[in-house]
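Chain naming follows the written order as A, B, C and D, and within any one chain the residues start at number 1.
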Amino acid sequence: MKILESTINIDVRFSETDAMGVVWHGNYLKYFEDGRERFGIKYGVEYLDIYKEGYFTPIVKSEINHKSTINYGEKILVKVILEKHYAAKIIFRYEVLNLTTNKIAAIGSTTQVFMNVQDRTLELIKPEFYENWEKNQNWKEA
Amino acid sequence: MKILESTINIDVRFSETDAMGVVWHGNYLKYFEDGRERFGIKYGVEYLDIYKEGYFTPIVKSEINHKSTINYGEKILVKVILEKHYAAKIIFRYEVLNLTTNKIAAIGSTTQVFMNVQDRTLELIKPEFYENWEKNQNWKEA
Amino acid sequence: MKILESTINIDVRFSETDAMGVVWHGNYLKYFEDGRERFGIKYGVEYLDIYKEGYFTPIVKSEINHKSTINYGEKILVKVILEKHYAAKIIFRYEVLNLTTNKIAAIGSTTQVFMNVQDRTLELIKPEFYENWEKNQNWKEA
Amino acid sequence: MKILESTINIDVRFSETDAMGVVWHGNYLKYFEDGRERFGIKYGVEYLDIYKEGYFTPIVKSEINHKSTINYGEKILVKVILEKHYAAKIIFRYEVLNLTTNKIAAIGSTTQVFMNVQDRTLELIKPEFYENWEKNQNWKEA
């Protein structure tokens, strides 16, 4: 069995730095999103796949803990791990590694829910397509 | 008769600065947008008003000329002037004034077209509602 | 005695919405920053004031809990409350109110630390200027 | 002899779309920046290389012409071409190709100047290091 995780290398944009000379803290949520999208491609659960099944998966909670800074010109890697649980939620954990300094830049998490595209109501149980997707993964607790 | 223009005061966000310590050049397009929205409120042609008439007005061209920098903590004012012309276009000119240094930070312009919301096709003549709006302004050449 | 809090009205930018038609979740950190800056102006502890004292106050943690969406054209109000505590940290709590729907859009918090501008080291006790600022507020627990 | 050009593939971020469901026009300047950085890596003239020589190269002019839209999920490619000329300026032309629709999404250009890091004054002639870099390219008119 495996942990469901993926990694992505990201080049920091100059526009993402701020006047302290480091990446502005809010931009980490863009890196988390890059990580989620790579995860979606790797495991066949991209936003557009989910949308075709009739669902949005809006973020309802996000958290970032900063451990060290990222300067312009430094290379980073974002690791994304899907948490295993029973609620109708998608919970990812993130690790942002600064490859240049070899330090953890940040850790964090996001929680998404399933929202019906038709009437924009919340799904209280996991949609069937997602249950099936989970079953098809040979997945152990992260 | 009058020139159709409006002004808006903007507080520069810390997140809008870059590692050179000044506002990142691309963020000026956000200030232009703030200016356009204020213009829309002042003259009754907001995006949502236009949308209710059945049109989007996407930007098809934008230009920025930078004259001096804006530092974090400096106050700016954006002046927006609507150009008078006959094509089915909305052309705005902009002046970004740094109120702290009393220097022009940038000038620029944007061109918008009318796109039908239904089929996303381009309108080749000015929509009637917009012709009427123009007639109701006591408007001289800017 | 009083709670240290401030509020700011914000106009949502079109560029802050996403393809779901609502404000992209990460942009709430910009609204939090707008709220913090207004707080700084109200109470005389702006970033630049703190910088003159020899300190940066980088964000080391942030959290957002989304309760409802914000659409383009809706008006919002951000309320910022400073938490009272003894560590060398600045902890703000936030409430983003959608004035158009009269619903809470999000709540959240950020934690900042004091970093010496000279050598970029962390301060383990509150800097004197900040202790003095706190004493000058007639402040009760929020 | 050759044209100095480079290309980069970019995945559009969800956060870069707007409520019209397409990439917000201002974000193209980020794609241009991605293109410039790739060019810098390819030809050994990255921002940080230039900085070590004692110069910033701020953008003083930018222009974008939009030809078609980019939707979330579509792949794009940015092509950057350096213009050959005699002034102390760096002028790039850009082409943003939507690989999914096979249409040109936008063309544009940016102009950068050389600014001395020490005193932030403008250089009126090309810095020597840059002259040398140009000579070392076997470069024909683009």
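One rule holds in what follows: a residue touches a chain if its C-beta (ideal position, glycine included) is under 8 Å from a C-beta of that chain, and two chains touch if they have at least 3 such contacts.
As the structure is a prediction and not an experimental result, all values here were calculated from the model.
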Interface with more contacting C-beta pairs, comparing B-C to B-D: B-D
Farthest-lying chain, centroid of Cα atoms versus that of chain D: C
Interchain centroid distance [CA atoms averaged], chain B/chain D, Å: 24
Where chain C and chain D are represented by their mean Cα positions, the distance between them in whole Å: 35
Inter-chain centre distance, chain B versus chain C - centres from mean C-alpha coordinates, in Å: 29
Multi-chain contact residues (two or more partners), chain A: 14-15, 22, 26-27, 29-30, 33, 72
Chain B - residues contacting chain A, complex: 14-15, 17-19, 21-22, 24, 26-27, 71-72
Residues of chain A touching chain D in the complex: 11, 13-15, 29-30, 33-34, 37, 46-48, 72-73
Interface residues, chain A side, partner chain C - complex: 20, 22, 25-27, 29-30, 33, 56, 58-66, 69
